Structures are given as C-alpha cells and as structure tokens.
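Chain IDs A, B, C and D follow the sequence of writing; residue 1 opens each chain.
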Amino acid sequence: MLKIGVIGCGAIGRDHIRRLRNLVPGATVAACSDYFRESAEKTAQQYDISHIFDTGEELIGSGEVDAVLIASSDTSHAGYVLESLKQGKPVFCEKPLAQTSADCEKIIEAELALGKRLVQVGFMRRYDPGYREMKRIVESGELGNPLMIHASHRNMHQPQGLTSEMGVSNIAIHELDICRWLLGDEYKNGQVLKVRQSSYSVKGYDNPQIVLLETGTGCRIDVEVQLSDGYGYDIQCQVVCEKGTISLPDPYAVVTRSDAGRSVPILTDWSQRFIQAYDIELNEWVRAVENNSCNGPGAWDGYAACVAADTLNRSRNTGRFMEIQMMRKPDLYDVC
Amino acid sequence: MLKIGVIGCGAIGRDHIRRLRNLVPGATVAACSDYFRESAEKTAQQYDISHIFDTGEELIGSGEVDAVLIASSDTSHAGYVLESLKQGKPVFCEKPLAQTSADCEKIIEAELALGKRLVQVGFMRRYDPGYREMKRIVESGELGNPLMIHASHRNMHQPQGLTSEMGVSNIAIHELDICRWLLGDEYKNGQVLKVRQSSYSVKGYDNPQIVLLETGTGCRIDVEVQLSDGYGYDIQCQVVCEKGTISLPDPYAVVTRSDAGRSVPILTDWSQRFIQAYDIELNEWVRAVENNSCNGPGAWDGYAACVAADTLNRSRNTGRFMEIQMMRKPDLYDVC
Amino acid sequence: MLKIGVIGCGAIGRDHIRRLRNLVPGATVAACSDYFRESAEKTAQQYDISHIFDTGEELIGSGEVDAVLIASSDTSHAGYVLESLKQGKPVFCEKPLAQTSADCEKIIEAELALGKRLVQVGFMRRYDPGYREMKRIVESGELGNPLMIHASHRNMHQPQGLTSEMGVSNIAIHELDICRWLLGDEYKNGQVLKVRQSSYSVKGYDNPQIVLLETGTGCRIDVEVQLSDGYGYDIQCQVVCEKGTISLPDPYAVVTRSDAGRSVPILTDWSQRFIQAYDIELNEWVRAVENNSCNGPGAWDGYAACVAADTLNRSRNTGRFMEIQMMRKPDLYDVC
Amino acid sequence: MLKIGVIGCGAIGRDHIRRLRNLVPGATVAACSDYFRESAEKTAQQYDISHIFDTGEELIGSGEVDAVLIASSDTSHAGYVLESLKQGKPVFCEKPLAQTSADCEKIIEAELALGKRLVQVGFMRRYDPGYREMKRIVESGELGNPLMIHASHRNMHQPQGLTSEMGVSNIAIHELDICRWLLGDEYKNGQVLKVRQSSYSVKGYDNPQIVLLETGTGCRIDVEVQLSDGYGYDIQCQVVCEKGTISLPDPYAVVTRSDAGRSVPILTDWSQRFIQAYDIELNEWVRAVENNSCNGPGAWDGYAACVAADTLNRSRNTGRFMEIQMMRKPDLYDVC
C-alpha cells in the first residue's frame, strides 16, 4: 500500500484525495498539510487521514510518507518539489512545476544529480482518451506529417486577479504542454497577440488573447485564450496533417431536440471536462511509483512549458515573434 | 414559353406562382382561378397574370393554358386531374392525388386510355438532395440490400380539424411515397399504432401515432407521426442496409456555441424544409413538359400512397397488420 | 476490505477481477472458481487470488468470501444466486438473472423471505453517463411526459449458436431493462417482428428482428436488433417526450477529416462501449455492500426483463401483440 | 427581358450561362465572346446564343447587350469593367476585380464620375445561406461584439502555376472579402506566415500558409490556406463573439454508418460547395439590374480585398504585421 502525503487541501487537493480513496486501489492518503492548519484538519477528518503536518517540509520528511502530491499554491510548488527530491521521494506536482524557468532548471539539476526521474507534473490532458487518440493518429503517420494546430481554451468566468500574463502561464499552459506532446516537437518562436477586448472581461487585463507558436520543424500553432467567454468551458483542438485533420471531440453528452433547436450541453466550469483524465492520471502515477518507473510528463515537460510561457509573455506588445530558448535536453529525459 | 394555369391561389398556390416566376425560366403563369374569385384576382394582380377563370374547368379548357398546376383543396384534386386528362394537358397535382383509391384508379384508367403519362404528383421530397443521395446509395448496392427504414415526421402545430386519419393520409403520405421510392418496393402489410396521447395535442385525435409497414421483400418500416411535437418541424429518415445505415441530414444551418450549449436551429414550420426540393421539382417538371416527357412521381405513385393510407387507417385499433391490396401495375408506369 | 468471490473466470469474469483490482479500492478478490478448474487456477495466478474452489457452492459457503460475483454461464446464474441468498451474502449476478421467469420468481421469494435486498443484476447501462442524463431529463419533466422510445442494438458479428430467441433474451435484454428504467414504467404488451433476412447473418435465425413494446401508460417502444450488421457495434436510443427528444450520444471519439470524408470511428465489439459504466457499476456496488445498502438493478428488474423476453419470444410469428403478465410488485422493491 | 453579354466562355463562363438559362427568369444570354473564338462559337451553339463577338470591347459596345458578365482571365477583368462603365452598362465581374489596387482605384474613380454604382464583384459566398445567417447573428448583437474569426480554406489539388502569392490573392481572397463583410469592419494590419511545407504540395510554393489580419476595432482573424490538403475541398469559418461562437456548417449531406465509422462526405472540388450561392447571386443581380439598383459586393469591396491581398503578400517573410492602407471610403459606397 503506497502511503501518499498531500500538500495543499484546497479544492484540487481534496479532489485528488477523494480520487485516491475511491478510485485508486493500492494507495492510501497517509498524511496531509495546508498553509491553513484548520483546512488540513477538516480534510483529515473527512477522509480519515492519520497524520497532519504543519509544513510541507515536515510532511515530505516523514517516515509515514512514501510519495508526495503537491496541490498547494503555485508559488510553493518548486520548493516542495526540490525538497521531495532531496528526500528521494516520488512527487506528483500540479501544474505549473515552477514560476520561473530558473526554478525548473534547479529541479532538473536535482533530478540529474539523483540520476533518476522522480517528478511528475499534472498535465492531465495527456491522459484524456481524445488527446491520446489524436496522438496515436499523428504518430501512426496515416495522415502524413502534422503541419498546424488550431486550439481554443475558453473559460466562462475570469477568476479574480488573473492577469494577462497568467492567461498564458496558468491557463494556456495546458496547450503549451499538449501541443508539444501531440507534435513530438519543441518550440522555436512565439508571440502573444492582443485582441479586441471583450466587454465581459475584467478591465486592464487582455482577454481574449491569441498565442502563436512555431516549432522546430516549422509547424504553426494558434491558441485562442479566453478567460470569460460568456458561454461555457470549451476546449477545442485540431491537428492539421498533410492528408487530413484530427479534432478533439466535445465531451460525451446527450443530444436534445427541443424548443426549435438541436442542442448538446457545454460544461460551465473546468472541473468535469477532464475528470476521466484525472482519474487515469493518478491511477497510472501510483502504478508507476509502485513499479519504480515513470511514464508521465516530467520535469523536462514542466520546464518546456514554463520557458514557452515566459517567452510569450515577454513578446506581448512587441508585434514580433520571439525566440524560445531552451537548454539542451539531458539524456535522462529521452527515456520516458 | 410554357403557359401554365394555376388552380388554387392559397398559400401553396401562390408560392408555386412565385417560384415559376422567379426561378423557372421558360414558363409563364398565364391564368389562375380560385374557389374565392377575390383570391384569384388579388393573386393575378400581384403576379401580373393575364387571365382569371371562375372555375378550374374553364381554366383547364382555355386555349391560354398549356399545362395545369393544381393547388386547390384536397377534395377537388381528382376532378381537376381527370378534366386535365380529358383535355390532354400535362398536369401537376399537389398531393394527395385523390381522396380515395377508387378515384386514383379512375385517373390511372384515363391515362391508360390516353396511352401517355400526363400526371405528376407533388411528392417534392424525391427532389431533395438528401433523399436523392440516400436513394443513390441504396441503389448502388454498396451497403447491400435495404432491410428497414426508421422515420419520423414531426410537426409543431396541429392544424384545426386535422383528424387521426389525416395524420396518415395527409401528413405521413410523404413517408408513404418516399419509403416506396427509396426501397424500390411495394407495401404488403400495414398497421397504425396508438401511442400515449401527448397533452399538447387536440383531444379526441391520435397524436402521436406510429405507422408500421412491411414491403414485398420483407423490409420493415416504422414512421413516427406527430402533429404537435412541442419543438419544431423535424423530418428524420434512416435506411438500414445489410452493411450500414444512411440517414437524412438535418438542414444546412449554422452551429452556435452559447449559453452553455452547442446548438443548431430546427425549423418551426414545414415551408422552408424542402424549399430547394420544391424549386427543383417545378423546374424539372417544366423541362419535362417542354420535352414531352415525364420523370417525376405519377398517377401510379399517387395511387400507391393512397391505397396504403386507406389500409393503414382501416387497421387502426385492430391490433393486427392488414394486407395492402393494389391492382397490378400497368406497363405504362414501368417506364418512368 | 470487502472479500469478493468470483464464480466464472471467462472473459467477463476476468475483466471484472481486473476492474476490482485496479479501479475499486476497498475490495479484494479473495476467491475464484470455474467449471474448468484450470481456468480458475490460471486466473488466480495472474491476479494473486488466494483461494480456488472447485464449485461455486463451495466458494459461496466459504468464510473467505463476504460477497459473490457471478460471471459463469447463463444457465448457472439462478442456482448460484439462490445459494448466495441462502448464505445471506450480497451477490452481483451478470445478466440474465435466470433463464426462466419461474426461476426469477424463486429468487424474489427467497429475497422476500430474507426481508432484505441482496441481489444486484449486471445491467450496467444504468451506470452509463449518457443513459443517466437521459433519465434525469425524463424525470425532471422539463420535456413533458415520455411518449416513445426508438432504439437500435446492433452487433457486428453473430456469435455461433445465438438463436433468434437469444437475440431477444440475451441481446435485446439490455433494452428491455433500460427502457423500463428510463420510463419508470412496466410493459403491458409486446411483439417481435420478422424482417427481411440479411445475407450476412446465419441462415435459419432471424436477423434483424424488431421488438415492439407498449407500457402501462401507453408509451411505445421499438428496438431494432441486429446480430451481424456489417459495420460495427452501435447502440442508439432516443426518448421522445411531449416537448422534445433526448438521444444517447455516440461515444467520445476524435473526428477525422480525410479521404473526402468527415468521420468518427464506430466500435467493432461491445467490450469498450460501456467500459466506464462497468467501472462505475462495480465501484458503486462495492460501496453499497460496504454500507449494507443497495442502489442498483435488483431481482425485480431481472424478473421484469425475463418476463418481457419470454413473452416476446412467444409472440414471434403470431402477428399480434401479446400481453406481458407480471406478478404484483412486492413492497421490498419499491424502496430502491 | 434583360439581354446579357458574357465575356469568357471557359468553365465558369459556361456555368453562368447555364445558370442564367435554367434558373434565372427575365434574363437572356444575348451575346458571348472569348479569347479563343472557337470556344465562343461552341458555347453559342450549345446555348442558342445569337451573337458572337471577337472582342470583349465589341460585346460591351453592342446594342444587343444590356448588361455584361465578365468571366474571362483575371488579367483582363479591370479593362472590361472600365469599358462597361464607359458604356454605362451594369457589369458583373468574377473575382478578382483587378490585379492591382491601382486598377481598382481607377474603377472606383470611374464609378464616382458616373455617380452611380454599376459594378458587382463575384464574391458569391455572401449569398450562401450559412454565411448570411452568420452575418445576421453578428449584426443582431445577440452574442455581443465579434472578437475573432478562425477560418480555413482548403483545396484538394494545387492548380499548375498557382504561386504562393496567388494563394492569397486568388484563393484566400474569398476570406478577405467575407471576413470584412461578416464583421462590418476594415483591415488595419496583416501578415502571412510560412508553415512547415506539405510534401504533397508543389515545391517552391508556400503551402500551407496562414493569413493573420487585424481590423480597425481590433478583431483578429486567422485563415489557414491550403492548396493541396490531401483530402477535399473544405471551407470552415467561426466567428467568436463576446457571448458565443457561430460556425459555418458543413454542406447538407447524408450521414452513413458503415465500415466501423460514421461518416459524412466532403466535396473534392469547389464547384458544388457554393452552387446555391451562385444561383442566388445571379438571380439577385438580375433583379437588381432590372430595378436599376444594386445590393451586392461592389467596386469598393473588390478594392478592399485587393489592397489586403497586396499588403499580405508584401508582408511575407518579414515576420511583422504590415499596415493595410486604404483610401477614404467615398460616400457612394455607404449606401449599399
């Protein structure tokens, strides 16, 4: 039974705890901690968790914890990941891996020093059956080489304080990961475009915005990013290959004919859209840890997304594509 | 220039006149008549029609009229068709051809006596590109033999006085024609089923009802018939063949994502659903008359639909399939 | 940790064992048995199962087993269910519950004697998110009363020895359950229709066939049943209500544009279609057993489907609807 | 009866002649001409056209011709349009209006001198019921302001000699017109992006390429342009508004379930995609000429598309958005 310690008992942390309890045999949530002790206590009580720690560091160091799951605030991620590596414990870190490329590089160095991959980043879309099938088709070559990706990432309600930069580094970050993964390619150039401001969005922040990327092989990617689209949570992705296109489907949902229209519901928040992907993700992570292996997005993937986001945010208002400069990829990350 | 006389200046009659004027070169509406003279006068004025006749018979007999289009009340159809045949003039008759099988037989006899097909019945769905493509695929054999048809004919608002029987003889009549045509087969048995009454329909009349048919080769057909479906005018048809199915598409209409749903509008009345089919129908009819030929649904098709409707209405409440008995098909109707 | 004993180590049994192991925390497969001892041994080895029994009865009686899962041959179901009830153990039985209505009645009597529901039948479609949403909409009343269901159950390959009767009692049995459940209504009449024989089906057996049903409130149901449809495993279901229709969606699958067509793949066998439903089903069953409660389809539902199937098979070739006669529903089954 | 003279008897010219004959009452093709006299003669014979002229100029000047339709080679358009204006005759010119902005300006000046709009440009998509409905929704304001357009223009086979520049000026020209029209806005900036070259396209030419545009109000437009997409002729367009999106539908086409897939055919060349739009376009043009009015895309629209195309082609390989500079819009073009 793998004993997991969860750092961060907010909505996402509790959702992962529920998931580990109800859907992932072979794992138990042995410990939790939160910046607000009360929140950790409530969670521990609700889910029968034996150990509560005042700090993430204590949780990571405890003998009660075999592996760590980080669902705390974004700014704390890098520190907890580094601490987990110091303790030699497998760690699952919600995205983003770190706030800066520099912090990502430190994590990579720590892993390289260990000579072993222990970090997984929570890019759950890679576990969605739709994206997986898209990748399978791209890689099969049956439609020829991929040439372009057209994507949209639309949210219904703009969270308080979510700046223009975070629209890229926290929202479009999922596309920054999934497009690399679908194409099996790294980014070369990028640019963020300003768009006519929606009157439904918070003043002073760019919404919508468009992310443009070019990969090493010349593939072009456009991602529409909306923080308050006025109608729902809607994720679209189309890979255009030499002999055809492949599109992510809308979720499985009943079709109604009523009131002079044929309609299919669209989700209004993100929590249900990739719920199956989250389930598979944690299940496969626990299996991998059990087998002392790794198969998910790792520190390198967290780094790549972070470098792209940084560069894109710097390109804003320049009217130019900016070069996305990454370090050479260490061999450790070629394996899985 | 083909001089056409139109009998009946109600909504359908005027729509055909507009169509002949605006979309069918080579034809002119030379005369019109209506049970209410005032209606004919108004129409004549609106569309610059030179001759108004007090009766359909006078219009048919006039030297100003080369061909006749009948859009008057259902009960008057058979009489005007017979009169047109007496005058040896091509006649386009809105469905139904006649109210009884006996009247249809008289029309067939009259055509047989002329030794020439002059009658076309307004089964416009045969001109819809969707049904045409369905027929093409069925006949190509690429999906094997047809085995079943599932169809729905749903109207939004039940017209005053439209009885249970008329739900079959005036509404489902389109399916009675199109299914024979799609399958290239005649009916053997039929039955109407009563369904739980919709509270939105007129009391005392059966709505919805289900029509079941079996063809000579054993194909099964089910047609859901609704007179007040609560949401729109919706026509669905699926042919199930040995190796696959073919479905009539929903009409060409924009897809909207808004208000937590992806939706496509559904029409609320019948007038627009097959408007392209009506356009093609009249255009091809005029071309055929010009060439002294025929290529549309004729008296035999009007008769076949009428016999099926009669039998189905007699089967109501018997709980049994009833044999659909037709006369032997005269050779005249094998040609086209 | 709930100790489950699995009877039957064929494809379905092994799939359930895998599921219990990988996706259902709180349960362990403690024992297994099979008609072929070798099959049980292989399975035990593959999945680390401690106890193998020569007979289902021994397994059911063992102190190592808290709850029983039956996935053996159809003819053995009723006996194992009765034995489980004798031992007072919760039992999950793959459909059908029994081969005859009489055996179903014995099971109901045994449960009534216990005064407690212990039996769940494997009608997994009730756990599919699509059917669940359909039921939610029907019950919400937002579209008015349900009036009709149009359904298709199409299989690609006809299993050896699957007779016309089994097309109803083993294949359409899923629709016999799901339609009752969607409508919240019992069947009153039923009839099976013969259809033009597909040349791709086994000679001597009826394929396709059409099942017609009428419920107590007068709702009409038609189910197309195909054992070798020539193209895929395809399940369709539409509930027609007074103010609109609700349709089961096709599974979540990528959309490809290639080779002059826009296409979505259709599964070629049943095993993947309701895989999520199977996962939820077993998970919820284990939760219910843990809580000493029940929430799934029970003995009454197994009985209702069995009576309908029997009657339908007797109606074959009569050309008439036959009355579906059920015993009065015991209060025990009103609760859940 | 409006007497039309057609210049250019190639595929498009003959198709328009057929259309005028078969679908547009009130017009007659009175004359034709072609660079190859033989081609004009053949066409005249096939369609019973009385007058053949050696040159477009003679045709335009003839008393037999009331209105001119130009379907000759692109380079000849501007000259014939100017000649028609000189003769004060209404002229329908296939796109492009001219090869250079300078020539478009000459045409505008000529129309301004006449003080009357006589020129219509063949941007037939404005007559497509799908685009029309999209515009209606945008203008209704029900989805708020438009913010972005995502479009794809994909052709199956790259015509010989179609250069990278022509991909913009002759292919994407339709999007350059339709996007302005949908948004009711002019372009401010534009850029063409190079994309990884498809191995199925002609070497040396850019295929695919991406057109980026920004309008005066800050709307962003991206158009994927493919000359050999490997699968079909596929036109996609989505307008993203503040409260939702509106998408152009795929054409009306039957849905087939066969061979492990649900599929809808995609056209393989452009000729059928907007055939209904072409029909409506010519019909409305003849009605407008009859009424001495105008309601279609005019010289200003031809100019706007031309300026955008020129600027886009100059931006190629600069990596920058380039300003799209237009003259002030004369009042004459505000009316319709």
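The definition used in the following text is that a residue touches a chain if its C-beta (ideal position, glycine included) is under 8 Å from a C-beta of that chain, and two chains touch if they have at least 3 such contacts.
These numbers come from a predicted model, not from an experiment.
*Asks:* Which contact partners do subunit A and subunit B have in common?
*Replies:* Under the touch definition, subunit A and subunit B have C, D as mutual neighbours.
*Asks:* Any idea if subunit B and subunit C meet via the same residues, over half in common, or different ones?
*Replies:* Same; most numbers are used by both subunit B and subunit C.
*Asks:* Farthest chain from subunit D, going by the mean of C-alpha atoms per chain?
*Replies:* With centres defined by C-alpha atoms, farthest from subunit D sits C.
*Asks:* Between B-D and C-D, which chain pair is linked by the larger number of C-beta contacts?
*Replies:* Between the chain pairs B-D and C-D, B-D carries more contacts.
*Asks:* Cα centroid separation between subunit B and subunit D, in whole Å?
*Replies:* 38
*Asks:* Using the average of all C-alpha atoms in each chain as its centre, how far is it in Å between subunit B and subunit C?
*Replies:* Spacing between the chain centres: roughly 44 Å.
*Asks:* Between subunit C and subunit D, what is the separation of their C-alpha centroids in Å?
*Replies:* Whole-Å distance between the two chain centres: 57.
*Asks:* Can you pull out the residues of subunit B that are in contact with at least two other chains?
*Replies:* Expected reply: 143, 230-231, 243-245, 257-259, 264.
*Asks:* How about subunit A: which of its residues touch subunit B in the complex?
*Replies:* Those in contact with subunit B are residues 230-232, 234, 250, 257-268.
*Asks:* Within their complex, state which residues of subunit C touch subunit B.
*Replies:* Contacts found on subunit C: 143-145, 147-148, 150, 152, 193-200, 208, 210, 212, 214-215, 217-220, 222, 224, 226, 229-231, 240-245, 319-321.
*Asks:* Tell me, which parts of subunit B touch subunit D in their complex?
*Replies:* 21-27, 129-130, 133-134, 137, 143, 243-249, 251-259, 264, 276, 283
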